[in-house]
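Below is one structure, written out as structure tokens; the observations come after it.
Order as written gives the chain letters A, B and C; numbering starts at 1 within each chain.
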């Protein structure tokens, strides 16, 4: 188990220690579950009472707090600092020494830059190249000519199909498939479909992370690209020729049809779908369950089907909730109007 | 092939035999496809003619029927009885004798409680413990410190990531991933994302079943929990720190964002999505395609986006279908109203 | 690298050469990226300028073009012809000579019709039969009694569960699961669920293709069937007892509940969901994000939730976008109406 001093951790996150800088810290904890040797964090003032009763030995705080038994580290962003400290204690699995499990099948034509950690029952095909520091979990299948960068964490049973390219520090959760063929067929006169071979590839930039059982398809002729630092959740589908910018966050169950273009720092909630051949401008935020049928041209918060500004959508849902009742009223109104209009006629008669 | 008497089967399901109790039964069948030695079931009166013409040797029925060639077993719930009898003839794969395929890689530090059945190309890491009677299908990857209970059926190519815990009689279909890292990142000042390590785990209670290629993430610091007896369909996503009660049924393609809490006996149809940090009360039933944005506080039948009572939603959809037409009418009305309001002025003039 | 003459390719697609029939062609290319030895295609007149500046040595065109440096092949459907020519240069992986990787585990009771190509760490169980020309990628798991036809391409890490049957030229992308158990349980009096064993199987017709991490469940008692030539995208769920016709195209993330019946040549966009036990008539086209709650009885273009004709839905969305504003107007109208109705009373007073 890693142990360090509070001072070292404060240095790591650029914070100021209030209390004993030599306090030994061995792990992170929730405010409620913390004990001796653990550090927790206080995101905002709403949890001050919890912080006061916490058993954590130290707390990351946005400003000095009175009445705390725990030592404090004052930082600008406690949750970001907590993330870094948690990563210090629990880094993603990487290779510190060269270990290739005897049951792994590494083709003599593959290149392993030492050290790498390759677990049981991994297959690495000819022409593949694995960067130093990278980890391939049990059952990972690496195709021909694949390039994996340095310090990557490829969890069990990931498939990297022939020729795909990964940057450095890429993290792929179990079951991810990178480089399946795109879904492209040309209609034949008799109603059947002619297969369009997918000759392109997939490139994941540095620090890209992808969640369990997600699938990113290779391009028809060029490259399906995911920009540096973009994070993708479980069971996401990214079709051929999509192009994602940097530092995006894409939640689970979103499906991006072919040639969708997504700018930098876009955030997309769960269960969204894009029509394909459309684009989302940088810094847009799309709430879960939305349908991206057209382009999104202005940064901002969007939601719904059809996609609207978040405010417009919430107002629309509110109105929609009443539609059945209002429709009854409208009908009654129309009947009344019709009656009123006919009354004068009777009155005239 | 298993063979038994009708009397034994009747005993298994607490039913009463009408006909020859010694009739040999060797399997289950559909009413239409049944032949000698098979038992079928009649759910309700709508299929009586089919039952009369069926070739099944015996039928499970809710009440004695006249004019049947087949023997009868009278039970309260024929489909539940059928499920039990079908499970008698076709139990999920388990281990009756100890068999570890020579190609499997079992770390010397793993514990196998005999008997277990471990098929080809399975990997079991150090510190894992597999309960007696359990089956690990071909290509299953079991991480460090995993605990699998008794009589579990872990189908081919499942991944159990480090430290996850399964109860007894758990059934996981091919491709399931238990214990991928949760999707949690802290925003950094420059717009990038700091990885939040997921130090927690996943616990599946006794008799939990999960469908093909579903993914259940480990908690950030605590436990993602699925209660005893809960059944989950294919391609379902359950995020970090979700907490599901007992005996729920969750259909395919539903996605539960982080920290969703679901009570006992909740039923959720396919293609639903939860916002996260919300809760669903015990005994609620949510129809397919719904969006769970807020809490569901009362048991009952719900549907839609926004979520409404099932009745309200169906009425709303009905109204929605007419919205384009009515809008035309409303516009016409407004034009007419505007005209009427302006007419008197003219009349005044 | 394959090389052929332009004349041979023209013969393959039934086209007419304008230019040198002996021109050597070694691959396909995008109009923008083409160079010597490549053939591209011009779908329609909108890209004529691009065609004129393209470096491709030859182009597939719907009609003779003036001012082209490249040789031309005139065909009725350039994209269909391009698909065929690309498949000539990049056929799906198949077996031309018999190769079984030494790390593969092939049960002595399995039948391999030579030649087959079986890559590393594949498992083929007893009673399975693999047709001549077929390829099983690394980590593929083939269950007992499975039948794989001729010239199939089964990509890495696919699971074929016990007893499923594949026709000829089937292509399965990485991570596909064929034959997981269906999601069927009978409710027990205490609120728990009795498992209904799934004794049926799955049949995929000739030329069926399925995308990465999709899952097709076995039938309860009969067969889940996918008709000849039907193409299915990534992360699609097809439940027990579904029956799909021929030449359908099903985009990513669609979920078909139990016993959905889909006719021939149906096209379904991404992120659709079917209720189950409903049917879609041949030649229907359903846009992405739709909910198939009822039967679709007439061919045509459909969209939305509730499902409507495409035209009706687009009009409805348009109206829906204004609903919040109109509701404000309606309310104002109602207040005005109420005011008008009460005014006369005051006037009377």
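As a working rule, contacts are C-beta pairs under 8 Å (C-beta built on N, C-alpha and C of every residue); 3 or more make two chains touch, one makes a residue touch a chain.
Being a predicted model, the structure only gives us computed values, none of them experimental.
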item: Rigid-body rotation angle, subunit B and subunit A, from Cα fit (steps of 5°); value: 120
item: Fraction-based call for subunit C against subunit A, same above half, different below; value: different
item: Distance between the centres, which are taken as Cα means, of subunit C and subunit A, whole angstrom; value: 25
item: Multi-chain contact residues (two or more partners), subunit C; value: 121, 139, 157, 175, 213, 235, 253, 271, 320, 323, 326, 330
item: Parts of subunit B lying in touch with subunit C, wherever the complex brings them together; value: 28-30, 33, 76-77, 79-80, 82-84, 86-87, 89-92, 101, 103, 119-121, 137-139, 155-157, 171, 173-175, 207, 209, 211-213, 229, 231, 233-235, 246-247, 249, 251-253, 264-265, 270-271, 288-289, 317, 320-321, 323-324, 326-327, 330, 334, 337
item: Touching residues on subunit C, where the partner in the complex is subunit B; value: 105, 121, 123, 125, 139, 141, 143, 157, 159, 161, 175, 177, 180-181, 183, 185-189, 191-197, 199, 213-215, 217, 221-222, 235, 237, 239, 253, 255, 257, 271, 273, 275, 291, 305-306, 308, 312, 315-316, 318-320, 322-323, 326, 329-330, 333
